[in-house]
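Structures for review follow.
Here chain A shows up in two complexes: once beside chain B, once beside chain C.
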Partner chain A sequence: MDRQAICITNILDDYALLSPLRYRNNYLKIGIVTFGLLMGVSSTSPITPILIALSMFLATVLFGAIPVRFYLKLLSAPAVFVLLSVVVIAFFFGTGGELFGFDILGYRFSINTGGLNMALLVLARTLSGMTCLFFLALTTPMVELFSVLKTMKLPDSFIEISMMMYRYIFVFLEVAWSIRYAQNVRLGYRDWWTSLRSLAMLCTTLFLRSWEQGEKIFVSMSSRCYDGKLVFFEERRPIRINEMMLTCLYVAAITLVWYSTRDFVFV
Partner chain B sequence: MHIFEGFLPGPWWQIWFAISIPVIMYGMYKLNNIVKEHRELVPLLALAGAFIFVLSSLKMPSVTGSSSHPTGTGMAAILFGPAITAVLGTIVLLYQALFLAHGGLTTLGANVFSMAIAGPVVAYVIYKAGMKANINFYVVVFLAATLANWVTYVVTSFELALAFPAEVGGVMASFKAFALVFATTQVPLAIMEGALTALIFKYVVQVKSDALVELKVIKDSTLRKLKGTMS
Partner chain C sequence: MIMAILETKDLKYSYPDGTTAIRGMDIEIMRGKKTAFVGRNGSGKSTLFMLLNGTIKPKDGRILFNGKQLGYDRKSLRDIRKNVGIVFQNSDDQIFAPTVYQDVAFGPTNLGYSKEKVREKVTETLEYFGLTDLKDKPPHHLSGGQKKRVAIAGIVSMQPQVIILDEPLANLDPVGADELLDVLNALNDSGTTLIISTHDVDLAHNWADHLYFMAKGKVIGEGTPDKVFNDPELIREAHLKSPITLDIYHEIERRGLAKPNQHPTSVPELVDTLKPPELMWVEVPTETLEGDVLNLGVLHGEYALQSPYEAVNARVLHMHSDGRAVVEVVRHGIKAGGIAIYDIEQYDPDGFQRIMETEEIAMIGAMGKQSKMLAEEYHIPIQISSGVIDRTLLMALCGKRCLILTSGGMISHSMKRIDEYAQRSGIAINVSIVNHD
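After this line comes the complex of A and B, so read on.
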């Protein structure tokens, strides 16, 4: 049993910390991702999002040195939700000629061209959005993003809480993992009812642990002159010329495709 | 349930941001006030947020064999109230998008509304009403957590239906379709989360009940009654 057995998936932050792209300019990376997200979600044909998804996939795998198998496994995580919703959209949305249909209990269910187009478009958009998000998540650890959040002028208490939360997520995951392990070797997840009881005990311990830890950490931080602000060092990382050129090329290509395929329909 | 990145088109993701942002601002305002008076609460709130994150990443044993995760928002709303839960929930959702690739950034507004606002508000209202009506504490907790989880799915179905209305029958028809797919499959999981939350509260009352009194979750008199029935 590893950490995956209790968590949803791998923590992407682990990969971001080791990424070769970690020490590149944060604003450039965020800019690329924001551009991809907005272009993907505002496109009217599936071609632009697929192109964005392809570029982001290549950028993450080639420049970010992420194993392809792992990347594809990550992409399959939203599959159930996306496929279910896409099927609903295909059946209920749009007009046009009927492509495929059947009867259930006197109701006619059918997919028409409009619905199929919409479903494909939504599928492509989700794909492009997820790959953009993966690019950010797999190359930029949260520690780097805090300085960006600070420049966004969010309230101090908000950032403060986010930073401390970030730190303690990993502490509690370790605690949860070891408790789960201990329960598991004592047959705590033998059947359904035992699992429910064990899980409730685990959560209670976590809650109490976080309560006690919260009191302790305030004492220890106050004794080190904590005055409500955590200040940390921000490294300056100028954008390199080849990065800038590649980004401009990417932006120009996507904008061109976005403009020329805006009336494109698939079927 | 998270709506994934890129799923919501055109005006809808902006609209959900426009609805969620004022609520979050109000939450932050309340948070700032509390923090100004009680500085020692900052670490505590941060750890509460971390707790929600870890809680929502634990696998629940489920009836069908497939695994699923509690939302944790029902419990957080009972403990900390809906305004603070909304702010903590927003940070949790942001982290889930960036660490676990669950949810997304353009869909963050919609996800915040369904998971960090609608669910906690429902849980809180049910909890307060139930306590006032003098129903058993654990039954109230069970109901609040179950409905908070389930309402999240209903609201998500509604968000999807608004963005993709059906050609025949409009929003209502596609709402029925999305609700059929998501909200009905969620019922057993919602009940699971309710049972889990009630059990957690039972253990907390046994082990560290003064924490609950300090958070003003239950009154001293109710607590004594609960402990009295147990021993």
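After this line comes the complex of A and C, so read on.
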């Protein structure tokens, strides 16, 4: 089986499951991330978002024990996209004195101060947002979030269905990969048309399998006295004093930077 | 107390599409025994199992649990499902929760236990199955053997009287299969009635107390392993083959190298049949009669063939006129090797070292996941990690002393197996728990 491919598809959750920060209080993590997101987006200077991005990156890599290489690889995909957009913003937005420019076919392309400031702000905000979300995604696996959903008073059936979906995503992923492999070794993806046909067959089979699986689970669950109710057990993970203090310090520091740099202009 | 815990009377079932799966079955499952249903795929084993815990309702016939007919109202169903647990063949059909802990907690929660009781039950069960370290893992991070153990733990946490396992060893590697059998034996030893289905004849032959051969939705033969597996016609009809120990035994017996009319179900038992009568001329007192048993005393050194010291008896087969007789020699090892059982729940490194020295242990075997984990933690060299009882018995027969690391129900199970062997073979094997007061 194509183990490599499976690893790439569920790697985020895998890293989160193994991260030491997984066993810290979920609400604290969510709180810090929400705070980071709000501060980053509302900041009018690029300094606060960059500070947040840096701190989130360090927290994920150092405390969360996520390999730097993997983190950068993960970041590189959206980063390339952001950089391209930022270049466009720098050239086409904003007013002010021209900083840099050239002519193409008689048309003037230039960056002015307003455009550059806006581009930097967008870059910083996007980076801070991404690192915040990566922090959450890489330290809090799905299995931890279910209990959070429960306390957020979401309907039980919604949570139960998502729990089962989460569980069987991986079962069907494995089925899908083995079917794809079986098709591949018999040249099922030789050209565009055969690929399309094979893919259709794969989807049909998966649909039928999941239907069957549903019935099997129901049988096995009722044989364990299932009566239509799942109960969760939230692991108690009290917030420790030092965690709380560190968080307060962080919040205070970021707020201070946010307030003092509100009128800061780069150029 | 009724001996049969589960009974069916003329049980019939056909699927909604009209296919008949069970055509009139009468079975009796004995309390505390290990029963195996053997038959090829599609012979109706899985359907029978779902009938036995009320998951599906028979078209005709009755099912009795503890002598009481099974009802199909809510309360009776709940009762039967609590007491008769099914472990499905494919663990992924059964484990649905996102973590191991939550899956094992599913059953006890459904039984309406309080939160504390559920937690206590689950913790205890996870500990018993050596799964404590895996409790927060999602099932897709587990190996096949681990998933199987989680599936069984999910049933055991409900404390059923009967556990039914559909093809429990399918898709497990040999050592994983062996560990699972240890767990099952320990459960059985603590009083749980076990039912399995299999088409592995060696497993059925060696493991089960009672067997049912099934074909096309019917029982075509039943009885103890030595009874059903000595019926070649029945084996053919069930589309099975003879177990390997029996095959080997029959071949060596045909060549006159083994005692006739034996029924070895394991390798030590097979070895035990390898004793052609040993004949010898000896001088006997004149009043001796043919058929008498003489005590020839204790032999050692090169005269003792199987263990360092042997008590040798001789049965007189033929008297000769000059005061000599032909006798059949029967040797009993006095100090055949021994088996020391070490309870790992009371492990202490110094005491263990002392035992290793004073008991002159030649080999160490580990039985059960916890023992293996302990051995790894304390760097205890393990020579035997699968088929532990059989292989330590074989070592003991060669005069060596072995130590088995194990715990809980597996201790009494091992003691029982070794004693049984000693009684049947007549070879005294010294077995003791070395770290109990």
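In this section, the second predicted complex is superposed on the first by the 216 of 267 C-alpha atoms of A that agree within 3 Å, B and C clash if a C-alpha of one lies under 4 Å from a C-alpha of the other, contacts with A are read in each partner's own complex, and residues count from 1 in each chain.
Here is the rule we use: a residue touches a chain if its C-beta (ideal position, glycine included) is under 8 Å from a C-beta of that chain, and two chains touch if they have at least 3 such contacts.
Small disclaimer: the values here were computed from a predicted structure and weren't measured.
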(Q) If we overlay the two complexes on their shared chain A, which of chain B and chain C does A:C132 touch? Say first, second, both or neither. (A) first
Q.
Which partner chains sit in contact with A:L230 here, chain B, chain C, both or neither? Use first/second/both/neither.
A. second
Q: Could you say whether A:V143 touches chain B, chain C, both of them, or neither, answering first, second, both or neither?
A: second
Q. After lining up the shared chain so the two structures overlap, which partner does A:I239 touch, if you call chain B first and chain C second: first, second, both or neither?
A. neither
Q: Give one of first, second, both or neither to describe whether A:G114 is in contact with chain B, with chain C, with both, or with none.
A: first
Q: Specify the partner with more touching residues on chain A, choosing between chain B and chain C.
A: B
Q: Could you tell me if A:L249 is touching chain B, chain C, both of them or neither one (first, second, both, neither)?
A: neither
**Q.** First (chain B), second (chain C), both or neither touched by A:L17
**A.** second
Q.
On the A-aligned overlay, A:Q213 touches which partner chain: chain B = first, chain C = second, or both, or neither?
A. both
Q: Name the residues of chain A shared by its contacts with chain B and its contacts with chain C.
A: 13, 142, 163-164, 166-168, 171, 213, 217, 221
Q) What residues on chain A touch chain C, complex-wise? A) 10, 13-14, 17, 22, 141-143, 146, 163-164, 166-168, 170-171, 174, 213, 216-217, 219-227, 229-233, 235
Q: Using the touch definition up top, name the residues of chain B that touch chain A in the complex.
A: 1-10, 13, 28, 31-32, 35, 39-40, 42-51, 53-55, 57-61, 63, 69, 87-88, 91-92, 94-95, 97-102, 104-107, 160, 164-167, 173-174, 177-178, 181-182, 192, 195-196, 199-200, 202-204, 207-208, 211
(Q) Show me the residue ranges of chain A that touch chain B in the complex, using the header's touch definition. (A) 5-9, 11-13, 37-38, 40-42, 49, 74, 77-78, 81-82, 84-85, 88-89, 91-95, 114-115, 118, 122, 125-130, 132-134, 136-137, 142, 145, 155, 157-158, 160-169, 171-173, 176, 189, 192, 195-197, 199-204, 206-208, 210-211, 213-215, 217-218, 221, 228
Q.
So in the complex, the part of chain C that touches chain A is made up of which residues?
A. 50, 53, 55, 78, 81-82, 85-86, 88, 90, 92-99, 101-102, 105-107, 109-111, 115, 118-119, 136-141, 154-155, 158
